[in-house]
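Read through the structures below before going on.
Both complexes shown next keep chain A, but they swap its partner, so chain B is in the first and chain C is in the second.
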Partner chain A sequence: MSKMILSPAERSYLYDSLTQAPPIRPDSRTDHQFRPLEAKTSFLPGSNGSARIRLMDGSECIVSVKSKVVLSALESSLIECDIDVSGFRDDSNFVSNLKFYLTNLLQHNFPTQYLKLTSRYAFKLFIDCIVISHSSYPLSLISLTTYLALKTTRLPLLVSDVNDEEVAEQPTFSDDWDNAKYIGDFMKDGEVFQPPIFITLGVIGPNLIFDPSTEEEQVLENGLIVSFYGNKVITPISNINLATNSNNSNFKGLNRSLITKAMALGNKYCPAVVKALDTLIEQDDEEGTIF
Partner chain B sequence: MSDRRRLIGPLNTIIPNIGISSNATEADVFKGPSSATRNEDGLRQFFLKTGIIENANGSAYLEVGGNIIQVSVFGPRPIRGSFVDRASFSVECKFLPYISQPNEQLYNNTTVNAGSTANTGPTNANANGRTGLTNIEQKISSYIETALLPSIVLEKYPKSTIDIFVTILSTESSNSGSTKVDAALLGISNWVLNCSSVALVDSGIELKDVVTSGVATLKNDKLLLDPEVISSGEDNENTLTCVVSFMNLRNDEIVGFWMEGDQSKFEESQVEQLIDGCNNMSRQVRANINSYFTSTLE
Partner chain C sequence: MDTNEVISITKPEALVNDIDSDVEMSDIEDIETPKDNSNTFKSSIVTPGELVTDDPIWMKGHGTYFLEDKTFSSVAGNISRVNRLLSVIPLKGRYQPETGDHIVGRITEVANKRWKVDIGTKQDAVLMLGSVNLPGGVLRRKSESDELQMRNFLKEGDLLNAEVQTIFNNGIASLHTRSLKYGKLRNGIFLKVPSSLVIKSKNHSYDLPGNVSVVLGVNGYIWLYKTVAKSNSAANTSITSNTSKFQASVDSSGSYAPGQGSISITRLEEESSWEIYSDKNDPNISNSVRTNITRYNNVLKALSYCELGITEQRIIMGYEASLAYSNIGSLIDKEAMESICQDIINNEKMRGA
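Moving on, here comes the complex of A and B:
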């Protein structure tokens, strides 16, 4: 599957525009600006948390979070991710890599201690992502949608005794769904529940551009994946060829200074992204309607 | 070498004499990497050999510590159908089925049976029967592909494919380690990359530069090059591990970058330190590879 969406003349024009200082992007965004998105949360009745993000180019991702009570000693991890991308096989390199990225990020940067119910039992979260349509590399889209879904995940209230070290007891939960608590409600004062996110950066000339569109991806010299959690840039950080299967002849190595520059830009602009997502959740109060 | 269109069986096939004792003494047991095998520059010694697979266009074999890696390069091979003006390039990395992959419980969704701790065998269900790659194998494949892609002069080979097949015959990782440590994964990726570069040179495909790679760990502000697999029990907090691949003769351009590790005290200066460390190691590996090739010419 080789994508040829730009002619050589268009490629050259776009490349020259993006290497300017500051870069001139086709949709007149600044270098650190994301594409506008539309989001909806808590619309799947059978899930503990759900979210959908749509971009203006028709990209769409739905994430559902479900929980299950497990014996924590038997689980290697309390979070399990699955990703489905329409048009790609589940065992393809593309989907496997997305899954690896998301699992890796959440595994290292999630306050799993708040999922523990008693000394024996814990909630296990199953995060299922479906990418219905996408044009640019969908990792950032998936991760932002996951952020919204996790933020709006509600877990039923435990009514049985927390201490089951001496007397074995099956956990029981309140029948009233209104008593369910957000993951953030379990946290101590002063702590805020902010799941980790990924941002994709395009490397072109001396510039780094946030959230490259599919046309921009065709001319990029390299790409970077940067993760953000707890108000700062964290690992994993890696480079990536964003235009998979394309005939991108610009792809080349990157200067080391761009890696630290990417971290600095992430630290500078990601808090605004997280804040925008939090505002989205606050404003999104109509229940049940997604159309 | 004559038939480039299809994969034929190896020319140098040996039929094993099954049932006949060769009076061999018991195979040497890997004692695991120790500091004794380290050179003055802080790197572990590695064994390298090229051209071991006759029907591949290029091949390389590398042993370092407990890792054994074999890479074969097929290409440029003609493709049928539509015209492409540049070669397409692909990498496929596989572990042998009985080899435990670093952190496989986490990434490959293999089930862990906590009840049977005695079972140290493969946890991959139906590992011998699987056809596709696991998530870890896909991830390593992608890293190698991304890092080598800028070095190959693909324009020289229109309507062709260049395929790299990596087989990991042994790793020094153990499943008993903490599931939070990805250092083993980065370590193996580093050596797979170095071995693949050598195989590419052996194949005679035109390259802009030989990509070499280094891996470094920063623990409590102490930098360690080419870290061995961190044993279980050890405290893994405050450890940053990074693999960086360079084109050392092209301004040390970074073609591959992958960093994992602890989050609490993560700063840009540490990243600088790690990149410096990886660059030093990459240059050492490059020097070794260069001298290997000059010695084979004689």
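Moving on, here comes the complex of A and C:
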């Protein structure tokens, strides 16, 4: 990813356009509109779940979910994430921050009780994300792809006895993959499996814009990362300079009232994002092209 | 609430693959050993590594290589023949500058007596300090103080439009901005399309409906901006020196913008003030102009998405087709882009183009 510099005239034009009421975005999206996505699920044969999201500008993320049977007493967490961003070192601040955001979100907001197999054994999920290309801050892209991958993750059916408190027994699984179950299948009636997601919001003047593009990021006054789980905005909500690849001279403090506004907007529009993702999974067929 | 208003997620589309994978090898052999040695080639489109001709009389041009008395194509493109020179013009690829091209570029580096400019070529182009108009008039000598304050004229990140003056032996393009239609760009937004989609024409800056103008760089870099009022460019050689001064003062109030047309040499001298290097936008850009600019931005992206050649007429037709969408935000969806391009194609068919 090359360094992005806008000319002063471009910056001020963009800033003035985005501070209008309502903001006039360069691609004429409304303030709460995301860029269109292209997505595909369950295409990696060696993974329990997989998903891929691509944007029009060529940004692309692939997520694979793999599972392993572990002794739950020996594990600190049943979810482990790894993120690889092309062009960045794995130990760079950029990548470790992304990794922390995602790991932290999933470890605290995931129905891990359904990963428990017996009193001793559990499934551990390994979530591997590869960002092949990105222009804007990729956290939202990673998190939406992870949502799709987790929703389509299938775990093999346990055929051995669930109760192993008295008799030590290794769990055994049905060797028929058709019997495998989605994580959502383990849920009780009335519950739906909807993993948490992140969305990014740009703060500019009095406005909040969803899913800022890389040009917009260059002139933002601040950025917000909002997490959404269980049909409502949850913590953590953090602020960040989204223009990670350049100096953003507009960056400044955050007005508190905008945080409450961001939460209200998140509560209003994120259900639509989750619904769109769920609809895609329903319509996605095993066949068809993956590219 | 309609989900599509917030986000649209689609499945990837199956590639339409018309290429028959069962082409028999014997067919390929036929292509590679053309029986007739006449000057007609079997097909005008070739792929990399394809035999173009085994006749050694042809001179090898760009996009070809020569092995064992045979000429092969090194790119995917059209065969072009000029007398005995055989070259293959690539269908896609980086922009290849030619003298006289009107281009849009971004300064990447300020160096010794020159600026490096990104114009989408393999190597950055150069803009020599001697090839720009400096404040104080055309015929002014460039002094050492000009060299020291080059960043006050143009600095890293600045966008400008210019003309390709020459191509050096090493392939680097040299630019010039010695006309008032060239120079720093203001009052608008920048976008890129593949350079192969921009069709070369006599003029590359147009005024479009909706009070928007465009500089359609031959290199695929495009600048959309607010149209500048034409009243003062009506000035011509017949004006008296008094009115000329008056107009120069009007211009120095900040209404200058590049692309406003030809200006007589005397006015050029007077207008070459610091204003031409100003970074300040017009303070009165109405929201309707801003909205129209975003509409054109989406139309150009749609043309680029559907790989339609970009001309002034098509931009205007696309704009008219886009007016059917009251919610311009929906124009970024694939279906909308395809339907706009279909409208343009239908429109052209009806006009008999």
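Quick note on the criterion: the second predicted complex is superposed on the first by the 282 of 291 C-alpha atoms of A that agree within 3 Å, B and C clash if a C-alpha of one lies under 4 Å from a C-alpha of the other, contacts with A are read in each partner's own complex, and residues count from 1 in each chain.
The rule we apply is simple: a residue touches a chain if its C-beta (ideal position, glycine included) is under 8 Å from a C-beta of that chain, and two chains touch if they have at least 3 such contacts.
These figures come from a predicted structure and were not determined experimentally.
Visitor: Counting only touches as set out at the top, which of chain B and chain C does A:7 meet: first, second, both, neither?
Guide: It touches chain C, and chain B stays clear.
Visitor: A:35 in the overlay: touching chain B, chain C, both, or neither? Say first, second, both or neither.
Guide: A:35: touches chain C, not chain B.
Visitor: Tell me which partner A:260 touches in the superposition: chain B (first), chain C (second), both or neither.
Guide: Touch partner of A:260: chain B, not chain C.
Visitor: Could you say whether A:234 touches chain B, chain C, both of them, or neither, answering first, second, both or neither?
Guide: first
Visitor: Tell me which partner A:151 touches in the superposition: chain B (first), chain C (second), both or neither.
Guide: Neither partner.
Visitor: Per the contact definition in the header, classify A:16: touching chain B only (first), chain C only (second), both, or neither.
Guide: A:16 contacts chain C only, not chain B.
Visitor: Which partner chains sit in contact with A:26 here, chain B, chain C, both or neither? Use first/second/both/neither.
Guide: second
Visitor: Give every residue of chain B touching chain A within the complex, in rising order.
Guide: Listed in rising order, the residues are 82, 84-86, 88, 105-107, 109, 112, 114, 132-136, 138-139, 141-143, 145-146, 149-150, 154-155, 179-180, 182, 240, 246-247, 250-261, 263, 266, 268, 271-272, 275.
Visitor: Would you tell me which residues of chain A are touching chain C in their complex?
Guide: 5-10, 12-14, 16-17, 20, 24-30, 32-40, 53-54, 56, 210, 268-269, 272-273, 275-277, 279-280, 283-284, 288-291
Visitor: Can you name the residues of chain C that touch chain A in the complex?
Guide: So the residues of chain C touching chain A come out as 1-15, 106, 156-159, 184-190, 279-281, 285, 287, 290-291, 294-295, 297-298, 301, 305, 327-329, 331-334.
Visitor: Which positions of chain A touch chain B when the two form their complex?
Guide: Residues 2, 73-74, 76-77, 80, 91, 93, 96-97, 99-100, 103-104, 107-109, 224, 229-230, 232-241, 247, 249, 251-256, 259-260, 263-264 of chain A touch chain B in their complex.
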